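Consider the two complexes below, in which chain A is the common component and chain B and chain C are the respective partners.
Up next, the complex of A and B:
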């Protein structure tokens, strides 16, 4: 299994290389540059800045320089946040996004999986319908609607929780709910669907016929199989959620990674965008690998050599 | 399951109720942040976008400038009402030919590490500001100083800049030619002094709290990117006794709706803006907290005069300008106390009376009649309508205004307008290239309190002139004005230039900006000024506890 993991990670290098090249090409084809501002810079000064950031060199040279830097894990200075490097920005922003994302994932799983199981056990009964209606609502209400509503309710009209920023654990409550609700609803629906299917399968019937207690059938035999689709959904979703959400970060003023993605692109902050893209790419690869390894653990039929 | 249902449903219902009912009350928690010691006051300011840098010579944004004004002090400072007052310089003399300024520095001015602020620190700062290696976007502010232009262009050594430390506390600055607004320029962050040893030791991060050495009323304490910046009172500041607020926390909040909610929830004392859709509620519910101040800025539509249809057709340009009902725009669309723009320079500029367009006082019918006449004379009519593209950068408010203006042109003249929104950088590039752009929305905020900062935008030598307007007479009037000492003669020259501009109409001014912010009633000492330049030291927080505010609206359960 370790050999498999190492092979997968080595195989990711060409993928990352292609990702980087595409990102470089795309951001450089976008019109305008990092120093195009409303108050246009005098030409001499723009030339000075271009030279300072090596933007006056031919593209292939800049590309080569960038690849060389990235190979040494140096993502370069940010164009927008002049006092900081991209490495610093990622190092500062990622832990925040990670914490928020992890809590949201936990929230989604803690409520989503039990709700899905309950709905599956009570299939086509009021409990099922009620839960699935709520889940549908959760999926359909976008977080940019949910978040302001929650703030109004819990911070403005009532003085229960802070409206934004990050400091105490209380600051996490509203953002976690806003970020995790849709995922929770999705997890609930996935769990329900998978569980219903598993409960009808032959091996569960066999287990019943053997006279095993329901508890054992459900939690030892049925649950692992029912969680497979949830796990495959969680891999990329986790990578997405822990790299930050632009919407949630903007609404709550949270210093995470997600905003850098969008702001970086809008500001043509070349190094920041590419740094974040690359970082995100690496995370997705790692998470997909983790998911595949989890499969093997959940499903005895899957084995990696 | 039952339990889940019981928990979820009320939450959803409450949320829906909060969304649907839109209650008339507007709760605002009025309570300042005072640290645990019971005496240290904290001012929490919404500050727009995250500052790009706190290097005074490289900063560009409003947000960064707000913080830099608190951290550093230039030779000249500003009183709360915007009037110039002595800053790091105690006094100054101006030579008879008005080219040599000699500043006497305060002997009691200290850096936050206790070292004295000397003339050498200013010399170092000014040279660094124009040094091409610094890459300052605002180096042009110093263009009036001898050799500054050549240094910026890389043709001369920064050492040759016309500044000189005569002794520790005497600084001499020599200008190329008399510049009446020069003292005002010295309030800009690109003229601030820097403490050389720390910049040399930490060239890329001397702005960080661990290293920063400042000479203003505050010093750096914390900087968490995209979360907050905290500055604390600088006990070494020469006027520390009069610093009102002990700490300032700047919160980078770009979303104005979120900012308002955090203000209401008691997490902010002063917002950077007020969302336009909420203006009516704010005005009705908490009128005493809304601060509306005229701002030195003009919202306008630029016309590309280098290409048809606007090339050589001042009549058409005037017709389009006259066909806009500016009063309606200010009353119904912008709604924040903005004033209709019938001149190019905002009336809030000190010591200047902008000439008005001739149609400013006309009745609506007369104005529209004249617009139609000009439109016909320019060769257009019902059978041959003008088709136009109006470009604006993606934003709800620009879109709204563009569609209103397009409709006025369509109804009043019969012009066919296509609205095109463009992403910011695309928009800027198109304006600059003057190829596809015909009409574009723009705004211009004055860099200093003088008509020059507005009029020079359309000088043919000026790089930012997106319209391509070029008029020898206009350039000559401005050049002469720049050499003329402040007074009646200079005023007249600039008025002539502006009148010429309004006649030629390469730009269509629409309205003059106001700044709209919310300020908690316990923050005292706020006086609006048209540049929007405020020093936190001039404010104070006066709070005797909640009982002092019988009239203030508190949330029901706040206790």
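Up next, the complex of A and C:
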């Protein structure tokens, strides 16, 4: 299994290489530069800036330099936040984004799995239809619509929760609901579908035939099998959270990586944007690997060699 | 159900009337109340979006200085109120809907054409062609496209044309994978063999026999892609990277509404409602269509 993991990580290197090259090409062919300010800089200062960030070198040399730096996990200095390196910015922003994402994931699982199980036990009855309609609603309301509606309801009309920033645990409530709801709905639908299938399977019938109590059948025999699709959904879910956090962090003014990215793009902060894209690329690769390993652990029929 | 199936059915229909897969699916779909209701609502919404602006005395860009920040009212024709510079929200919501729906349809069409062609070719030829083509798809899959689209929009300006390309370029990947899988299982069927033996070229086998048999899967996927695309465009517009003023889309309207929500909540609520209802209906229809074409889990 360790061999498998190592090979997967090595196999990701070409992908990251292509990602880096595409991002580099896109950013450098774009019109406008990081030092295009409202007022024109004196030429000698501009030349100094260019030299400091090696922007005066030929493009292929800059590309080679960047590649070499990234190979050593050094994303370079930020163009906009002059005193900080991109590594420092990522180290600042990532824990914030991670906490937001982890809470949202937890929220989605905590409510999505029980809802899916309940719907499966009451298949084609009002409970099932009700829950699945709610789930469809959850999938259909985009997070950037849900977020302002929740703020309107809970922070503007009623003074229940704070609307922005990250001062206290309460500040997390609205962003987590906004980010986690769609995922919760997906989890509920997946759990329901898998549970229905499992409940019809032969081994559950056997368990029932030998007289096991329903509680044992459901929770010891059926549930682990029904959760495997949910586990494999975690890969796309993580990508969804990353995407979602870009807009959620912007709405709530949360100083996470997603907001750094949007601001970096608007400010043409080349290194920051590249750093965040690459960091997210690596993150998704590692996360998908973890999900696959977890999947193999849960489902003994799957073996990675 | 298949080309050869149809001719067989024609022969059989003289004695027993057969039922095609599509008739069967149609029956099941009509029985699915959620899908039917969604289709009706969506149909009405589309009609409203197309013809609604003609019924209103206002247009989507003119500023009515006598009615700034006006809440929804029946008296002067501002049915859903006006925004901070006096533009009519009812007409703006419909105009935004035109753009959102159009982007949804066109970008889905782009990804449909690329995805079906790519997937059918890879699946049909198999072997090395397939390996290389699918390896490329795998690599593209790992790209955080959202970030590329944001960069594209920031650096090259916010043109609708670019939005189409960007969204279409992302969505064809899923389509190609699904189509390839189906093609792999189809190409060894007897009717394909028969066509090949009768001397049909690869191109005509793909066009006449493979693609028509993919329609079921593709139809389901298309109805589920349209809402994704609309969502994605709204997402870009919400970040200020999509459709530009004075044109508008549901995403931009939601953004404007979110900025002013404590002062003028109607600016947020109505566009949000239009967007959510549309996505809801598309998702329900797509689900219904899938259950109708593949009823094993019901």
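Everything below uses one rule, namely that the second predicted complex is superposed on the first by the 287 of 305 C-alpha atoms of A that agree within 3 Å, B and C clash if a C-alpha of one lies under 4 Å from a C-alpha of the other, contacts with A are read in each partner's own complex, and residues count from 1 in each chain.
FYI, contacts are C-beta pairs under 8 Å (C-beta built on N, C-alpha and C of every residue); 3 or more make two chains touch, one makes a residue touch a chain.
For clarity, every value in this text was computed on a predicted model and none was experimentally measured.
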item: Of chain C and chain B, partner touching more chain A residues; value: B
item: Which of chain B and chain C A:152 touches, first, second, both or neither; value: both
item: First (chain B), second (chain C), both or neither touched by A:67; value: neither
item: Partner chain(s) touched by A:251 [first = chain B, second = chain C, both, neither]; value: both
item: Contacts of A:43 with chain B and chain C, given as first, second, both or neither; value: first
item: First, second, both or neither for A:110, with chain B first and chain C second; value: neither
item: Touched partner set for A:137, first chain B, second chain C, both or neither; value: both
item: Which of chain B and chain C A:193 touches, first, second, both or neither; value: second
item: Partner chain in contact with A:30 - chain B first, chain C second, else both or neither; value: both
item: Contacts of A:280 with chain B and chain C, given as first, second, both or neither; value: second
item: Contacts on chain A seen with chain B and repeated with chain C across the two complexes; value: 30-32, 137, 148-149, 151-152, 156, 250-251, 266
item: Chain A - residues contacting chain C, complex; value: 12, 14-15, 18-19, 22-23, 26-27, 30-32, 133, 136-137, 139-142, 144-145, 147-149, 151-152, 156, 193, 196-197, 239, 242-243, 246-247, 250-251, 261-262, 265-266, 273, 276-277, 280-281, 284-285
item: Chain B partner contacts - residues on chain A that touch it in the complex; value: 30-33, 35-45, 48-49, 52, 77, 80-84, 89, 92-93, 111, 114-115, 118, 122, 127, 130-131, 134, 137, 146, 148-153, 155-159, 162-166, 249-256, 259, 266, 268
item: Complex contacts: residues of chain C adjacent to chain A; value: 34, 139, 142-144, 146-148, 150-152, 154-156, 227, 231, 234-235, 238-239, 251, 254-255, 257-258, 261-262, 265, 268-269, 272, 275-276, 279-280, 283-284, 287, 297
item: Interfacial residue positions of chain B with respect to chain A in the complex; value: 1, 4-5, 8-9, 12, 14-15, 18-19, 23, 27, 29, 50, 52-55, 58, 60, 132-133, 135-137, 139-140, 152-154, 204-205, 207-208, 224-228, 251-255, 257-258, 261-262, 264-267, 423-426, 428-429, 432, 442-443, 463-464, 555, 557-558
